[in-house]
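You will see two complexes here that share subunit A, one where it goes with subunit B and one where it goes with subunit C.
Entry: the complex of A and B
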């Protein structure tokens, strides 16, 4: 008998991890209009940076901090050439960037090679029973997600958030109104990459082992689906989208054991999520929640 | 009178088409200068080159004595030269008020550091700017639309909002690309009266593309006529109307 409590706790930990990823993509695409199909790259960089450092014996918080910083810097570095491109080319470039990083990690043995890194120290003390450890992990990811949410919330409700929305609506008009659009795009790209980095670092210690093939481009597209479901330019929607997608994914995995289907039941998840996305694209292309407004002004 | 905007043999071509051909103009500080010409004569391209939206192929442009032909748009804005577009380029999915606020100069909260570490300062500044924005909206008859999305405005209101957005930025000089196109006659006069008033109160300089000759002649100090990328005439009302070249290319015989 599967322990249903553990199953649900584990699911919510993943909602937290993917919620942060989808929040960061929403900052890039939903608010700024940047097409990032390589979200997984920064997730991977965060996971590897933290994983390598903590297995070398550095404390977990150092690993997390390093994961955030290195991912953020990677985001800044790639944004310098990439953000001068038109949006479709930016999409292609970020997609390829994720694959390049994955293939490098797969081929460099000092970075783990195809087997990746095992035995990453977890944040929970050893000797705890599994359910307690899961609860601690869930609390930790909730705190991290709350910090990311706070940062995003501050950004989108400030004049800075107004400028990035302006870039999404009309970049030339924003530039003629005195905004250095490149700087805005680069900064939002770095912040979002840093958020993806912390999600990666958390995932590494949670699973305790990471390998290059965990970071297929599919992850980036999963995050896109979450943003589409939850709603573009809505930070609460980012977490809602992650919750819906992961419930669907997990639900399909359970359902397939109880259903007699004329298809390979392992494909049920793909069929259902595909159907869900199609329904959304046709009937609610803006996602479940509508865009967050900049601010409500008093007395206006 | 000092010249605030000077271009020196400015040229811009698109493939084989020379849209702006050796254009040298001067705009006096504190003046209202009109720019007319048939469709496709290069008026908007000239605006695009001056405002940094397009790079000039050759020639120079000076604003307030400072060379601006090689500057990106946002630095030209910082120098005090702000433009509007022929087809309004509004932030469609943002409210009218947000469209106005984004244009304000010297925002504390529009950098990341300001957003996170100077919260009180930008919130206070925001309140003042909201007042200012609402005053401008009131003047342009857009006050009742302040909470609507800019994309839901009518065509004329979009033109007005774009003008309002430019005014919000405390410019020294405004390049207005057909500010009154698609606007009802009453409001056209209102816009131009406002322009005259702004010029008087703040010594703003205006450079305006406009097709309504009567309007231009009653409100502008000087009109420049372009044809096929070149300046063919400039001067005041009467002399232009009687200029045979202008009659030929723009006004037509009557």
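Entry: the complex of A and C
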């Protein structure tokens, strides 16, 4: 039986990582109305960029910064052709983009190949006991998540945030008001991708080895579930959704040690996850938290 | 294996026909439901897998023979599609769910199906025991299984064509696919037509699953490997267009097989052949988002005159 304290600390580290991912998807879909079914691509790009650089001996902060920049640029690059598409086509294109990146990483041996990258240096000094290391990791991810939260908060309460909501509600009308909607969409896509990049960079050093098969499209769908659970267009909801989903997953993992089920607990967990989504789609499609009203401009 | 075939044009064409048939079978259902109900059904991947498993159960566990397995896969997957509409997508649409919610629901539903299948049939790879030794047909290496699948796919395409053009129900299907509300206003019972579309589309996906599995193996992710290529066929062909999808499916099959040879020549991994399909999808999305069905003579002329 695993140490329960470590188990919980580890869980909260993942809540932080996935909270950032779900926050970034919420900026894209919740606030701007952009479908992105390839969130995992930017997570993967961040993890690989940082992982490769730090294993080559560059300091961790260089790796993180590069992960953020490369993911952000990748987001910008894909958005240039993709954002002119209809919403569902954008969804399919981003899904495919994730798979393209994964297949390339899997087949290019200088980028790690199918085994990926091992021995990524962690941010914690070596020689610490596991619990202390976990606490340091948790503090680090909390700081990163707080920065992302702060940025997202500033974005949605700024005039910029009102424009992206306008795009979500009626892109044509927003364009008629003289806003270059394409530029807004591309920039929000790029910012969100950069956030996913930092989440990936953090995850890489946390687990210390990454491989292409860790980045299946299922990850993108998981992030969608979190956004949906927490509530669309609600930045606190992004973290709430991540917390609920991951507790649910971990709870199932613990339960299998205690319960004697006639069904494989891993399968059961996924089936229940799928059912949870269906229940939400049916009975609470807007998620748990509602969108906050747009704050009046008070010179924040 | 590829080296020996590298310059055998006939074999390439044959293999393209085989791969293309698979994509056509897998994509027709997807394009029809996407066209009529406006959302991409991600759970379609699981319908493909379901067909493969049903055929395994009937052919190898109940020992009723491979042909019976194929038939059972067709019927059972078709019924699964109908049930999906009656119990899930239909009620959601009546509740006024948005396209995004339908898509997310199909993701959740797909997860339920996939892990339910994994629970029933296990995670281990399964193989059909039916074995058909290959033989040479002129310069081409074939197996009776491949031949019968190509024949089946072509026959289905022909039957679909007749159904769509010669029968009243086919006309109703095309009308519903083009414009559901107009079809309804013209007295077509679109509810029945939609159920029929779910049945036929899913049944073909099930057949596609058996086809893919008979050549490789049955795994819970079988459908996923085909899904993205099916989306490529659907979008390249134009969402909702059966003829476009058939053309796109065979084109993708050809591109993929020709691409393998190019990749070998360039000393790149043959797994990159999927990328070729993806690239077709990306180019189709960007340059012809209506698909080839949307490219008319008029639009080409307009584009030429506007650029020149």
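Methods note: the second predicted complex is superposed on the first by the 294 of 300 C-alpha atoms of A that agree within 3 Å, B and C clash if a C-alpha of one lies under 4 Å from a C-alpha of the other, contacts with A are read in each partner's own complex, and residues count from 1 in each chain.
By definition in this document, a residue touches a chain if its C-beta (ideal position, glycine included) is under 8 Å from a C-beta of that chain, and two chains touch if they have at least 3 such contacts.
Given the structure is predicted, the values throughout are model-derived calculations rather than measurements.
Superposition of the two complexes onto subunit A shows subunit B and subunit C fitting side by side, with no clash. In the superposition on chain A, contact is made by A:174 with subunit B only, not with subunit C. By the document's definition of touching, neither partner reaches A:143: not subunit B, not subunit C. Once chain A of one complex is fitted onto chain A of the other, the partner contacts of A:165 are limited to subunit B, with no touch recorded for subunit C.
Here subunit B and subunit C are compared by how many residues of subunit A each touches, and C touches more.
Of the two partner chains placed around the shared chain by superposition, subunit C is the only one that A:92 touches, whereas subunit B remains out of contact. When the two structures are aligned on the shared chain, A:187 is found in touch with subunit B, with no touch to subunit C. In the superposition on chain A, A:273 makes contact with subunit C only, not with subunit B.
In the superposed model, the vertex angle subunit B-subunit A-subunit C (Cα centres) comes to 80 degrees (nearest 10).
Contacts of A:155 after superposition on the shared chain: subunit B is touched, whereas subunit C is not. With chain A fitted onto itself, subunit B and subunit C come no nearer than 9 Å, counting C-alpha atoms only. Those residues of subunit A that touch subunit B in the complex are listed here as 154-155, 158-163, 165-166, 169-170, 172-181, 187, 191, 291, 293-295, 297-298, 300. Residues of subunit A touching subunit C in their complex: 29, 35, 81-82, 84-89, 91-93, 95-96, 99-100, 103-104, 106-107, 217-218, 221, 224-225, 228, 263-264, 266-268, 270-271, 273-278, 281-282, 285. Residue ranges of subunit C in contact with subunit A, taken from their complex: 38-40, 88, 91-92, 95, 97-101, 103-105, 107-116, 118-119, 224, 228, 231-232, 235, 268-269, 271-272, 274-275, 278, 281-282, 285-286, 289.
Of all the residues in subunit B, the ones that touch subunit A in their complex are 51-53, 72-74, 76-78, 82-83, 85, 89-95, 97-98, 101-103, 105, 107-112, 114-116, 122, 126-127, 130, 134, 146-147, 165, 169.
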